[in-house]
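These notes open a run of structures that come right after.
Note that chain A is present in both complexes that follow, paired respectively with chain B and with chain C.
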Partner chain A sequence: MKTKKSIYLFMIPGGLLFLVFFAVPTIYGLSLSFTNWDGLSNGFKWVGFSNYVNLFTNDTTFHQAVGNTLKFVVSVVIIQSFFSLVFALILLRNTKVNVFLRTLYFFPTILASVSVAFIWTFIYDPNIGILNAVLKIVGLGHLAHAWIGDPTMVIYSLAMAEIWAHTGQLLIIYLAGLQQIPVEMNEVARIEGASRWQIFWKVTWPLLTPATTIVVAYTTIQSFRAFDLVYAMTNGGPGSSSEILATYIYHQAFQYNHVGYASAVAMIFMVVIAIITMLQFGILRFRKSA
Partner chain B sequence: MRWLRIPLVWIYALLILIPVAVVIESSFKSLVDLYANPLWPSSGLTTGAYHTLTSEVPLLHYFVNSAEVTVAALVMVLLFGAMISYAILRLPRVLGYVVYGVFSVGMMIPTQVNMIPVYLEMTKLNLVDTLGGLILVEAAFLMPVSVFIIGGFMRTMSRELLEAATVDGANEWQIFWRIATPLSLPSVASTAIFGGVIVWNDLLFPLLLTKSNTNRTIPLALLSFTGEYQTNYPVIFAGVLLSSIPMVVLYVFLQRYFIAGMTAGAVKG
Partner chain C sequence: MKKSKIALGVFLVGALTAAVGCGSGTSGSGGNGTGANGGGSSTNSSTKQTITFLHWRGEDVPTFNKIISEFEQKNPNITVQMQVIPSDQYIAQAQANLTGSHGADVFTSFPGAEFTAIAKAGLYTDLSGQAFIQDYNSNLLGSGQQDGKQLAVPYQVVFNMPVYNQDLFSKLGLQPPTDWNGFLQLCQKLKANGDTPIVFAGKVSAGQFFNDMVMNNVPDPKVFTGLLDGSSKLTDSGFLKTFQQLSELAKKGYFQNGPLGTSQDAATAIFAQGKSGMLALGSYQITPVNKDNNSAFKMGLMAPITTDSPDQAKYVGIDTTTFMLGVNAKSQHKAAAEKFIDFLSQPDIAAEYANGTSQMVTVKNVNYTDPALKAMEPELTKALRFQPMYTLTNQQVVDAVTNTVEDVISGTDPTAAAEKGQKAIDQALSQK
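After this line comes the complex of A and B, so read on.
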C-alpha cells in the first residue's frame, strides 16, 4: 500500500506540541549548561565545561545530592520490587479477599504526592507522630526518632513514604505478568516432583523476566523523579541532608539563580538515568537469553 | 511458609489503613485536642477544620482550576496522541518505528531535566502565570506516554481492515475517526486515567509556571497551607481529604481503567 501524503498531516499538532515544549527545551537545556547565565540578565558567557568541572571537583553539596539520590533510589527499588513480587505471589488467586487487598494496596497511588507528604510528615512528627506513639506502645520506645529531622535518617524516611505510595502499583504489574504464565507449567513441574521453592526459581522467576524488567526500570525512573514528595516533606533539609538531584536542580536554578550551573546538573542527571536504564534492560535481557 | 503469608498481607493492609484512618479522624479534631491526644479519638469531634478551610480558602476556585487544566490537557493529548499513533501505523514501517522510538525515549527523560528551559521559554512567550500555558506544558509532557500506550495498542490492529476501508473510498480522517479510534478506546481510556492522575496531582509545573493566587491548582494550594497553617494538621488534613475526593470517586467507579492505565504496555514486553 502506498503512503498517502495526507498521513503526515496527522503528526503536525502533536508533533509541534512535543517539539516546542519538550524536545527543543531538552536541547536548549544542554546548551545552557555551558554558560554562566543567571536566568535574569541579558548577558552571559560561554564557559565551556567549567560548570561540569566545578560540579565534580568542588561542589560538596552536589556530591551529597548524588549520594542521597543513590541511597533513595536503591532502597526504593530493592524494597519496592521485592514486596510487590511477594504480594503478587500471595494475592495471585482472584478470591474476594485478594481482590479487596489489591484494591486497597493500590489506593495510595491515586493520592497526590503532596498529600502523601503531609500524611507522612505527620506520621514522623517527633511529638505527635503516630510512628513514635506506636513504637512506645509496643515497648520499642528507645527506637523513637525525629525521623525526618535526623540527617542520617531522613533520606530513608522519605524512601519509606515513596514505597508506601507506589508498591501497590507495581504489585499490579507483577500480577499481570504472573497471570500470563500458563497454569500447566506449574502443574507439570509439580507432577515431576518439584518443590514450591524449585517451581518458583526454575519456572516462575525466569518467565517473569519481562515483568521484572518493567518493574525495576519503572521504579528506578519513578524514584529518580520523586521531586514532589521530597520538596513538600523536607525541601532537601535539614541542611542538605535530603537534597536529591531533582531538588538540587530546582534550588540552583530558582533559588540561587544559577541557571547555567543547574542545567549542567540536569544533564548529568539525564545521563545517569539513561545509563542505569540501559544497564537494567541489558542485564535483564542477558538473563533472559542465558 | 503459609503461617507467614496471611499475617504479612494483613499487616501491610493495616499500614495503609491506619494512616488513612488517622488522617480522617484528625481532620475532625481541634488543634488542641490533636496535640493533647494525637492517636486516640478524643472526646468531641468537630468540623471546625472544614469551616476554617472553606471560609478562608477559595477551595472551589482551585478545584475549577485543576479541573480546567486536567480536562484541557487531556483532550489535547488524547486527540493528538491518537493521531500520531494512527500515523505511525500508516507510515512506511521504518519511519513509523523511528517516530515511536522518539516518543518512547521521551518517556525516560525526567521532568527536572527540562524544567528550566521550559520555564524560560514560557517566560519569553509571556505564558507564565496563565492556565493556558500550564495546559500546553502538561499536554506536551504527556505526549510520550500517550503515543506509547495508544500507539502500542493500535499496532495490534489489523492492517487489512484499514486497507479495506481505503478501498471502499474512505479518506484518512474518516478511517482514523470512525475505525481506528473507536477500536482503540480501551487504550484511550487507560491513557486518560493515567494522564489525568498525573496532571491532577502534579506539583512541579504549577509551582514553576503559576505565580498568583488565582491560578493555583489543588496540590499547590495544599502546599501553601503549610505556610499559612503551620502544623495545623486538622486543617491540612481536611484539605488533603477534600482534594482527594475527585480521584477517589473516579477510582471507585473506574477501577478497571485505573489499573489498566497504570499497567498499560507494561507486560507485553
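After this line comes the complex of A and C, so read on.
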C-alpha cells in the first residue's frame, strides 16, 4: 500500500507536465476546432461540426494538401530508410575512412532547417543552381529542371532535401542495430555456405527489426510534421502544389486568421498520424513475432 | 506490452500537440517578453517610459537607430526599443505580438488583408484627430482608413512596376511600349538579341506582375473587389484576358528559365548582370540591383500596357502606400507612441528616413537627395492605380488569385486555371 502511494507521488511531476503541455493544449485545440475564432478578436462563435464538414466536402486545397502530404511522407520514408540502411551496411566497419564518412553523412542533421532550405533553394535554382549545372556538365542537360518551380516535381524535390537533411540520423540508429548483431551469427552462416545476400536476408534483416521499427516510425512522424523546410523553400507553391497539411494549418491559422478551422485540420492531422503510426507498429510487431 | 502502449500513447500525444500547437498557441502567446516595460499606464511626460516599435524592414535599422536617437534626445523621458521581424514572417508574428498583454506600442502593418484583420480585431488606436495627419499627402492616406477613421498612417510609397534596364533599351533602340502588341514586340526584340525579356521572381512576381497586367484589363476597382463578395468571378472576361496574356508571355519564352523556381535574390542577381530587359518586381529592387552591379546601368520603371491601343489604357503603373504606422489600442503609453509617430511625420525626419533607406514616403514637402528617389519622383504625377491586390481584404482570396497566376505560368490552360482559382475563392468565401 505504501509502495503504491509512493508510486503515485512520483508520478505527480510527470503527470503535471503531461497535463499542462500535452493534455490541456490538446483539449483546447479540440474545442477551438468547433469555433470560428480568428486568433485576434476576444470573442468567437461556436460553429459545431461545420469546420469538419467544410473540410471534407468543400475544401479542394485541403484535399490537395492531404495528397501532397502522403506523397511526401511515402517518398521520404521509403528512400530515407533504404539509404540509411545501405549506408549503415557500407560504413559498419570501424575504419578511418568510414568514421569520416559517418561524420560527413551526419553533418546535415546538425544544420538548422532554414540553413538546409537556403542550401537546397540555391542547389535547385534553375538558372544559377548547382544541380542543373552539374547535370549539364555530365551530359544530362535534358534532365535539368525548375525543381521547385515545377508543380509536378516540387513535392519530390522537397522530399529530397528532407532526406538529405535526416538520413545521417537514421544511419546512426541502423549502425547501432547492426553493431548489436553478434559477429558469430554471420560467421556461422558463412561457414554453412550462405551467400552475402542470404546472410543479409536471413540473418541481418530479421535481427534489425527493432531498429527498423524505430527508423520507420520516426521517419513517418517526422516527415508528417515537416513544416519549416517546405515553408522556407516554397511556402506551399507554386500554386498550391506543395501545400502539405502542416503548411495548410499555418496558412489557415496565421495568414487567413481562421484559427478554429486550422484547429480542425490539426485534429484530423493528429488522427491520421495516430492511425498510420499504430498500423506501422502493428505490422512491425507482427513481423517481429513471425 | 502495456508499457509500449503507454509509450506509444505519449508519443502520439506529442505529435498531436505539435500539430495542434498552431491552433492553440495564438491565443495567449501574444507578448514575446520584449514589449514595453509595462508597469503603469501613466502618460505623464515626467515619467520615464519605454515604447516598442515593431516593423519588418531590417535594412532600415541603421537609419531608424539614428532617428530614434534624435527622438530620444528631444524626448529624454521616452526610450524607443525597436523590434524587427523579417517580412515573410511578419504577419503571423506581429499579430501574435499585438494580441498579448505587452504587445508593441507602435507597429507597422501591410495594407489590405492584414490591415483589415487588425482593424476588425480592434487593435488600432484611432489617429484621426492627430495633428501629424496634416503632414501627409491626403491622397496617399486611404489604405490606412476604415469607416471614416484614420487607423494607421502609411509611411512609404512603392511603385510595383517592372524595373527596366535603360541602357539595354537604348542600345537596342527600344522605348517603353504603349500597347500590348508593342510590349510583345519589345519582348521579342530582347529575346532575339539573346537577352531575357522579363526576369520573374516566383511567388513575389506572381502578385506584383499580375497587378500591372490587370490594371487596365479590369479598370473598375469594383470588379476587382467584387471577388470578395462573389459579384465578380475570376473567370470574367477581364481576368481571363489577363491570364491569357500571361500565358502568352510564358509560352513565347519571355520569362527566364524556371520563373517559378527563381527566388527574389536570384532574380535580382540575374537582372543585375545586365542580360535582361525587365525585372518583374518593383521600385524597391532598384537599390539592391544597384548594389549588385555597382550602379553599372540606369534603370526606369515601366508597367506593361495590356490594351489594344494606348488610348484604352487608363493607368500607366501601380503604386502602393505601405509600412503603415499604427498605435496599439492596448498600449499603456499611447501618448508617447503618438509622439514618436508625430516625430517620424516631420518632413525633415521623413527626408532623413527616405534618403537613408532609398524609400519614397507619403509625407509632404520632403526633399529627396538620393538620386534613385529623385529619378522616381515624377512617377507620382502619373496616372497610377493603387495596387489592386491590396484592395482584396481576404488573404485567402489573394492567395487564390496568386496561385492562379502561378498555375498559368507553369503551363495550365488559362480558362482551367481561372476555374480552379474561382473554386478556391468560393471555398474561401464560404469560410466567413
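The rule is short, and it goes like this: the second predicted complex is superposed on the first by the 268 of 290 C-alpha atoms of A that agree within 3 Å, B and C clash if a C-alpha of one lies under 4 Å from a C-alpha of the other, contacts with A are read in each partner's own complex, and residues count from 1 in each chain.
Note that a residue touches a chain if its C-beta (ideal position, glycine included) is under 8 Å from a C-beta of that chain, and two chains touch if they have at least 3 such contacts.
All figures in this text were calculated on a predicted structure; none of them were measured in a lab.
When the two structures are aligned on the shared chain, A:Gly67 is found in touch with neither chain B nor chain C. In the superposition on chain A, A:Leu32 makes contact with both chain B and chain C.
Between chain B and chain C, it is B that contacts the larger number of residues in chain A. In the superposition on chain A, A:Pro206 makes contact with neither chain B nor chain C.
When the two complexes are overlaid on their common chain A, residue A:Ala246 makes contact with chain B and with chain C alike. Residue contacts after overlaying the shared chain place A:Phe254 against chain B and chain C alike.
Legend: residue contacts after superposition of the two complexes on their common chain; A:Thr277 is shown touching both chain B and chain C.
When the shared chain is aligned, no partner comes close enough to touch A:Gly48: not chain B, not chain C. Applying the stated contact rule after C-alpha superposition, one finds that A:Gly141 touches neither chain B nor chain C. Residues 18, 21-23, 25-26, 28-29, 32, 39, 125, 127-128, 221, 224-225, 245-246, 249-250, 253-254, 259, 262-263, 266-267, 269-270, 273-274, 277 of chain A are contacted both by chain B in one complex and by chain C in the other. Across the interface of their complex, chain B is touched by residues 1, 3-4, 6-8, 10-11, 13-15, 17-18, 20-26, 28-29, 32, 39, 83, 86-87, 90-91, 101, 103-115, 118-120, 122-123, 125, 127-130, 133, 164, 168-169, 172-173, 176-177, 180, 210-211, 213-214, 218, 221, 224-225, 227-228, 231-232, 245-246, 249-250, 253-254, 259, 262-263, 266-267, 269-270, 273-274, 277 of chain A. Residues 18, 21-23, 25-26, 28-30, 32-33, 37-41, 54, 58-61, 121, 124-128, 145-151, 221, 224-225, 235, 237-240, 245-246, 249-251, 253-263, 266-267, 269-270, 273-274, 277-278, 281 of chain A are the ones touching chain C in the complex.
By the touch criterion stated above, chain B contacts chain A in their complex at residues 5, 8-9, 12-13, 15-20, 22-23, 26, 34-35, 38-39, 76, 79-81, 83-84, 86-87, 90-92, 99, 103, 106, 108-121, 136-137, 139-141, 143-144, 147, 163, 166, 171-173, 176, 197, 200-204, 207-208, 218-219, 222-223, 226, 233, 236-237, 240, 243-244, 247-248, 250-251, 255, 258-259, 262-263, 266-269. Looking at the complex, you find that chain C touches chain A at residues 8, 10-24, 26-27, 88, 91-92, 95-96, 98-99, 117-118, 120-123, 202-203, 256-263, 266, 269-270, 394-396, 399, 403-404, 406-407, 409-410, 420, 423-424, 427-428, 430-431.
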